[in-house]
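Let me begin by presenting the structure, written as structure tokens, before commenting on it.
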Amino acid sequence: MAPKKGLLERLDEGAVIGDGGFVFALEKRGYVKAGPWTPEATVEHPEAVRQLHREFLRAGADVMQAFTFYASDDKLSNRGNESSKKYTCAAINEAACRLAREVADEGDALVAGGLSQTPTYLSGMSKQDTQKEFQKQVDVFVQHQVDFLIAEYFEHIEEMEWAIEVCVKSGLPVVASMCIGPEGDLHGVSAGECGVRMAKAGAHVVGINCHFDPFVTLEGLKKMKVALDAAGIKVHLIAQPLAFHTPDAQKQGFIDLPEFPFGLEPRICTRWDMHRYAREAYDLGVRYIGGCCGFEAYHIRAVAEELAKERGKLPEGSQKHEQWAGGLKMHTKPWVRARAGRKYWENLKPASGRPFSSSMSKPDNWGVTAGDSSLKQKTAATSEEEINELRQKVVNGH
Amino acid sequence: MAPKKGLLERLDEGAVIGDGGFVFALEKRGYVKAGPWTPEATVEHPEAVRQLHREFLRAGADVMQAFTFYASDDKLSNRGNESSKKYTCAAINEAACRLAREVADEGDALVAGGLSQTPTYLSGMSKQDTQKEFQKQVDVFVQHQVDFLIAEYFEHIEEMEWAIEVCVKSGLPVVASMCIGPEGDLHGVSAGECGVRMAKAGAHVVGINCHFDPFVTLEGLKKMKVALDAAGIKVHLIAQPLAFHTPDAQKQGFIDLPEFPFGLEPRICTRWDMHRYAREAYDLGVRYIGGCCGFEAYHIRAVAEELAKERGKLPEGSQKHEQWAGGLKMHTKPWVRARAGRKYWENLKPASGRPFSSSMSKPDNWGVTAGDSSLKQKTAATSEEEINELRQKVVNGH
Amino acid sequence: MAPKKGLLERLDEGAVIGDGGFVFALEKRGYVKAGPWTPEATVEHPEAVRQLHREFLRAGADVMQAFTFYASDDKLSNRGNESSKKYTCAAINEAACRLAREVADEGDALVAGGLSQTPTYLSGMSKQDTQKEFQKQVDVFVQHQVDFLIAEYFEHIEEMEWAIEVCVKSGLPVVASMCIGPEGDLHGVSAGECGVRMAKAGAHVVGINCHFDPFVTLEGLKKMKVALDAAGIKVHLIAQPLAFHTPDAQKQGFIDLPEFPFGLEPRICTRWDMHRYAREAYDLGVRYIGGCCGFEAYHIRAVAEELAKERGKLPEGSQKHEQWAGGLKMHTKPWVRARAGRKYWENLKPASGRPFSSSMSKPDNWGVTAGDSSLKQKTAATSEEEINELRQKVVNGH
Amino acid sequence: MAPKKGLLERLDEGAVIGDGGFVFALEKRGYVKAGPWTPEATVEHPEAVRQLHREFLRAGADVMQAFTFYASDDKLSNRGNESSKKYTCAAINEAACRLAREVADEGDALVAGGLSQTPTYLSGMSKQDTQKEFQKQVDVFVQHQVDFLIAEYFEHIEEMEWAIEVCVKSGLPVVASMCIGPEGDLHGVSAGECGVRMAKAGAHVVGINCHFDPFVTLEGLKKMKVALDAAGIKVHLIAQPLAFHTPDAQKQGFIDLPEFPFGLEPRICTRWDMHRYAREAYDLGVRYIGGCCGFEAYHIRAVAEELAKERGKLPEGSQKHEQWAGGLKMHTKPWVRARAGRKYWENLKPASGRPFSSSMSKPDNWGVTAGDSSLKQKTAATSEEEINELRQKVVNGH
């Protein structure tokens, strides 16, 4: 069998479709704990992780991201998380690589190993300490022959540069993606400058993931694009946004919304939102188009269906999904059959069924960032007293 | 190993937790086609069906419903559905039974075989024809030694009585559940009378599934309870509602809402809605408490967690979910840690993130039911011309 | 000049149009104090009261209700209201009658004197005490030759019967209108029975005013109509609802909504709501069609315009209002001219411009009524301590 | 009696409170026709105009703006408006001046004569033609000894400069106020530059009126302030915004919202919104603080109450309005008395009572401005054919 084409080659040829977020999907399925959000499921329940990979593959994803989100040693032991007592960081990362490879090879997909921001950095520790955490994961990725690396979910360009530095040394293609919006990073660096700095640090693909909905994310990418063009830098762009509507989120994104993480349901995007997202991303010049938290297989399939013409193919999963609601022609009720068409769904503004809810929320916003004492991380569990203190801060308007 | 306790014995002892809906969950994962909604995935992708069963088992479900929804011969060949060309009805039903049994035996769960309403009845054909469809499925269920039968998703009490009649002859416990709301069946029979007639037809457990949200469903169940009490009938009650908010649905339920089936996202219930549902259902005396379309594992887990005290146990899935958001104590951001408590989530009214959407919709409502010519079902696919005619009806206000 | 036709003669011939509410309109204009809501403006600022009468006359009202709402002695001195120290009850009522007559005679309108529920009754005092309050006002009305009496804004049918008894003795036509919804009075008497009892007590016209929006009010009137028909009683019906949308109000109406009285703006009905109200009221057989709190001249004009064909005339005010937005044909911007038509406005669902607001509220509902100690009225002002106690009750969920 | 202090002297000393909009208030009362919006009521119904002036005076307004909005000859005869056939422009303007003076002298208020943008300019005619229209009105104002001039409701800075040029020649203080938002004028001139150009043209007070809600208006004023500071120009600032929430309006303001002008009710600001507006405006340095369309007396009173401390006085109308809902202490129901306080009303997010409405609208936006043929004005009425053409444009998405 011929070797698979590499990421950069594929990006040069056209759109590469990413997968969706694992922590939110597996939290709902019962395999990930909200709060720590760590990926020990790769060891504990490989069948569940494998199945989710398969769903994204079937939906059209060209990349299987090994489920290594927050799988750094410091995170696995933060604030009472007991994962590190049961499993080594290496074991979790290795299992993740094997599962991703197994499913990737059921199709033509690539495997990516991922790094994300660390409690070490957030607690104000040194570059050396932070990079040591990264290096441990990268070593596993290299050993397991992933096809490329993704440094994603970074709120500070400084930490991102440190991560890219480690990644670049591996010799693999490097994708760098920050969880920022149009307002830029948490230290006040603009989105445009973040883009330029990621590219200058050596990333081959730069962009944005998580924290904001597809349309806010694309606003941020527009700023990156303008800045990269102005700097004369040629790199590919990546978008992997939330599948939650966040028009009301501020600088820190959906985490500050009062609904995070257990009341986000009314914000979930429809497949039609994803058609629009895919089209707008593609038209903007983004070539790596995937998703993050909230994205399920049907969202990725919608991206693949929107770009079917450009890509010359439909995903396997479309065998169970006729374009633009065509399957409704088989419905028993005539008025549902009447909904079998694009115009109907493009124009629908879906109601929430929640008459006591508003459409927007005021985000919590304590305005603190890396370096602030309330962000110091620790190994011990949070005490009831500490929680009460935090609640009191909320009552007092922080 | 001691044989498992039967359904009726369990219900006499306390709450039995059902599973969630398969067609919606597997549609999103890419294995079921919206429109026909038939379950050929049991043959095509057993690993996907098995995994979903496991998620519900892990979430606390005491019942694995074999995935046989709409798996009657007449439905598999309706309006251009090609499933019947590839697989026999028997094969699909048999595979469903095997998968359910396999996972049920990984725990202490029971297996149920399910019947649902038929195109045959909807097209105005005879009792004999309709029962023939039911018999074919029941034969498979008996042969595969399911633990009990569920006749569910019936809009007309008449067809339901025919189904119960077939089920009762099997000698297995029979659960009967109609997809109606407080207004009763589509022929104008009240919810209360539907309850009484199901019991008189021989069902051991009667109630309501699908079509309405948990709280509207419980309104309907209250009416059944009053009528059953008035008639001096003692049966158990079952509730398996939608996980979509439907305060605006009319008699025919969520199918008539303009958002059905591809724009229902903003209506998805949170886990906290399900805590409230479980408590209200239990307090009303409902003992079989499960879910239908939209219910995912985390919704069922919330039911199990709410009833943990009554049941003396937490589900395995709760190892990844501390009660009432306790896991947030491990979050890196202090203001998210402040959300680790019951009061916060009980009081939250989650915003939709959709400022151009309303909270309620006007349902489509053509006011036709079994017998009307526009409801005649057929084998041929719906033509583009027919769809255009239907759309014109919509424009003209039907 | 020929004498004016009387109320009952007019009602037999067709629709009689009432005026709108004075207390809310004059509160916004600066002449009535929210809280006590008493009408001393008739003495203090007759020009403002006169102008408001004129606006309603011009809008098509056939009745000028003397501004005597809550003008009973016991109310004028309740809870620190100082009106009774400055003016006698008689003076306020007399001035109200004179102003109403003056403007009524600028057109063909009739004058009505009005009674409303009393603190005396609410505090649990005797029938004799309560009727004494009514008699004082009726004496003034008779002396000033009003054309008919309206007993309106009663929450309890018992007090209403006492009021009607007093009114009937005057020999004038009596209109009786309770501030109830479809759920009936605060002592649990159904809306239907309230209607029957008002008629049996001698009222010539019975119905509902205030507390609910036009459409909820008509639901209540439907129940009255059914009960009156069943009892074989022939009387005319009156509707004088709020001009605020109240789909979420419970038994006690808009007073319990959190927005009452200073945040009701987003609930204000449009003129197109009033077209629909007038049509539905007329079709139901209601012949006295007016408004209460929130109704301004343009709302009454919309009622008159909707019924122009039935009445054979347009109001004078329509000289400044072309039917169904026709005046927009003169607008400078072409896309506003495109809105000059009925279909546009009938279909518009106006946005609130308030993305942080919901569409419905949970009413305060302390479930107390006449007789409860917290409803005892008194002359002294409410102390800060008492207010704090009340607030504490709110925090504790009452 | 000592002569009244002039406008500029008052502004130097502290806040000057403007009045509210006349066309919207008098349209609802039945004296102005929506569409042409011309002020012939000054001749036809002086008592109605006088009463509205009195309400604003009583509410705390320091200025009586003569009701001369759109009272230019070309506007009075535009598109079938017959006002110019009945009355001369001079007669309407003269009556307006007399009414404003009469009421102003019942207190300590000043009289302002107002100019606004002209069909002449919108139709692309010359500076000379446009200024001729302005001069006719200014002549009347000078003759009637108004205290100052206001050129307001201009969408184009060019026409505004022409108006200021005419005003300045009168020797009276000149206030200049454009109906723009933060995005600037319709020809693309920024808000900041508009402010600078108005000042350079000779205006003593510059700012923004109409078209946007108080908070969007203040965003625009911030931009003006920054530009004026940068240019080293010292002038006073004026804000006279809408009393309708318009977070969703685009460059052309509320006219483009689908609710304009007959469905704006759910957007009406509460008195508490106005407290916030007054405070934010004052803190920004705005000293002329009034209102435009939608402002009624109680809104202006709220401005005066918020600034009571700074101004050392409460308006006369506050005799009927205890600060921060204090009057509710006199309410009969205890849970309404519990609402007598500032915190309650500041935190209330009022519901709309409209579950089928959204919170935001998509504005119509044809993107045409002065010079475009569809904006050519004419004397003849708009024909039914022309309206149908416009509607077709809407259907076709323009």
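For clarity, chains are labelled A, B, C and D in written order, and residue numbers in each chain start from 1.
Assume a residue touches a chain if its C-beta (ideal position, glycine included) is under 8 Å from a C-beta of that chain, and two chains touch if they have at least 3 such contacts.
It should be emphasised that the depicted structure is a prediction, and the values quoted were computed from it without experimental measurement.
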| item | value |
| --- | --- |
| Required steps from subunit A to subunit C (each step between touching chains, minimum) | 1 |
| Winner on C-beta contact pairs when C-D is weighed against B-C | C-D |
| Averaged-CA centre spacing for the pair subunit C and subunit B, given as whole angstrom | 48 |
| Subunit B and subunit D, separation of their C-alpha mean positions in angstrom | 57 |
| CA centroid of subunit C to CA centroid of subunit D, Å | 32 |
| Overlap residues in subunit A, where contacts from two or more other chains coincide | 248, 349, 355-361 |
| Contacting residues of subunit C [partner subunit A, same complex] | 248, 355-362 |
| Residues of subunit C that touch subunit B when the two form their complex | 349, 355, 358-360 |
| In the complex with subunit B, residue positions of subunit A that touch it | 27-36, 47-48, 51, 54-55, 58-59, 78-81, 119, 122, 213, 244-248, 255-272, 296-298, 301, 316-317, 320-322, 325-341, 345, 348-361, 364, 366, 368, 374-375, 377, 381-382, 386-387, 390-391, 393-394, 398 |
